[in-house]
């Protein structure tokens, strides 16, 4: 259904329920939907599972959401950073669950969710602790591990520009997880720096077609 | 390795070996690499497996390649067309093998080959004759059929514009199978209508990054 | 009176929600586009790789690089986008389309669809995107005549033609009636020039209303 | 004399073919970029979604939206392209990169790689793209010191640290020697300030030359 252009980040995150799985875009600050995360902190949903490449930096954004005890589980590839003290503390105290996923499998598992793929055989992680307990299979002489989709109830992503239908373009390496997360969640919310009229994006250059986008807010 | 800008279509298809699997782009005429197919006819490789959405129209292009008895097997989604008499005749005479694949599975199987995926569970075709004999599995209450990658020795695709490194952009619905075939073959040959200098394509709008492209020819 | 193809298409168009993303299969379903009201906000998908496809191209508008899935020249509307075949079918298979409208040879009471092959052993098979379309959309609508030319019903207890998809059809629009295929069985929504009792008599599937 | 980090990086750079597509892992491997000769035609991939990445951004060039996999601001070169994470890792996993250069805690004689986790039970694990990088490129080069600070060899019969990938390393560049890991065993290519016999003495893996 057609996208809604929201007046505020508060409106854009309205209705996110306790227990939701929330996909959060960004690689470091590039593509991080900072204002949407802040709005989610104010919105109040708790017992969340957060899927993101990292698990928060410093005391703001995702880290602030974690610090408020609102996140039950993190699915990510790289939680440990020089400034990930909030996650580090919760993890050492056993107050947050971690599913560590190689970055490529993380992206591909969300891609599978968005693409209707039931599961796929990946060569990444085979023979490592991160494949322990998972089904493996040899195909054409190579060993693969079976990986399942990661689907979100909500995706919060940062894009560059949207048109009023919800078509999105990104900027440089801020693209990262945004396009794949946009395919993998029931409700997709994009923060952008500019909303343009329908027809003002070149159809050849649209990265996330409007079909994937439910709500857009300019920040 | 960096792409070669070829002077002629003949040069672009040089070295294709007998018995090769050749991915051929296009959906109808849109994106069909007509000059490369003509060059392949002249080049002489035979006993080919051709992977393409259709199996030739009229008496030119793919149909001409088939008519010369150079194709052992076709893997495609839609061979039967009002003007597919060449394929139709060969097929009825038992002189060509057909593997019929639903269009989405065809695209996804090539995508898997290009993306290093060993196999994937698709919901498409379950319970139909096209899934007969294939492994199925129920995942989260839905039945899927296991599909394997289709990898090409060569891909022949039609794009719109290339830069001298081999970055490609396409035009409208002529994009179709080009980008996915470009990821799925050992040697990727693109015919384009224009070759521009490196730096003349906006990096945000490149559809097929240069890493996938081996040879480019302007036609 | 039974419905014409255009009247069936108008019925389908009426039931497509505002702003829906819709794929109209080749053949009869393409007629639905002509009946979408101004401002419906409906966005048409064509599986060869485009969203917000416009009407058929007229004369000089025709562009070899801009066609629909039937390989007919079409146009683009403001807000359209292009993508490759893998992305286009991922979009479909991933359940992102709201409605898909398809033709059919047969539909079973449990929603099985047969629309790609008559089973004739001499026929050259061709499937295209039919199987992906059948299982991809949130709602799958079928448009067909209720009876074949030989008088046999096309809404059947079990398809005798090779299947396109299993349990995938949600609603069937025919010239004589519309049906919802539900977990509880086949529900008649409307009839056209035929009574419910006569319909029940002529079909081999249990009906309710 | 043993090699400095810069000298090791120069050796790696020398062995990268003209026009190769290369991913340089975080840390020491990034030094390789500084040693690629003018006109090498080498195209750098960064797994966060870019090809033909340029050097580190200086001063005002820094753009929050343009970083490498280490989240450091970088620049773009003419002919670059951007893509999403799924496409970027598909590119890697699909074997399209010619060379990947990685750091390591340990490498086994059969090419197993351990470079993401020390096995310390108190450590907070983090893997990033390490496992994808390990298995993705046509050639995987490792750069490391040959001995750990405690004097233990890092080229070992079997890794004791948790694995990143199995049988994936093709060549190892160290401060004291370079090695090819072949189906026939470990082949010493060059030594630096150490004799072949001393090397064979100090390592627990069978060597040949």
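Should a chain be cited, it is by its letter among A, B, C and D, assigned in written order, with residues numbered from 1 in that chain.
The rule we apply is simple: contacts are C-beta pairs under 8 Å (C-beta built on N, C-alpha and C of every residue); 3 or more make two chains touch, one makes a residue touch a chain.
What you see is a predicted model; the values in this text were computed from it and never measured.
Looking at subunit B and subunit C, the chains in contact with each of them are A.
Note on connectivity: the fewest chain-to-chain touch steps from subunit A to subunit B number 1. Across the two candidate interfaces, A-D and B-D, the one carrying more C-beta contacts is A-D.
Chain geometry summary: the mean Cα position of subunit C and that of subunit D are 53 Å apart. Separation between the centroids of subunit A and subunit D, computed from CA atoms only, is 28 Å. Per-chain Cα centroids separate subunit A from subunit C by 34 Å.
For subunit B, residues that reach two or more other chains under the stated contact definition are 108, 111, 115-117, 122-123, 170-172, 204. Residue positions 76, 82-83, 90, 92-93, 136 of subunit C are each in touch with at least two other chains. Chain pairs that touch one another are A-B, A-C, A-D, B-C, B-D.
Interface of subunit C with subunit A (complex): residues 17-21, 41, 43, 45, 51-52, 76, 78-83, 90-98, 136. Residues 108, 112, 115-123, 137, 139-140, 142, 144, 148, 169-172, 202, 204-205 of subunit A are the ones that touch subunit B when the two sit in their complex. Interface residues of subunit D facing subunit A in the complex, by the touch rule stated above, are 46-50, 63-67, 71, 76, 82-86, 88-90, 92-93, 112, 117, 122-132, 135-136, 162-166. Subunit B contributes residues 27-31, 53, 77-81, 84, 87-88, 91-92, 98, 100-108, 110-111, 122-130, 143, 170-180, 207 to its touches with subunit C in the complex. Those residues of subunit B lying in contact with subunit D across their complex are 1-2, 111, 113-117, 163-165, 167, 183, 198-199, 201, 203-204, 206, 209-212.
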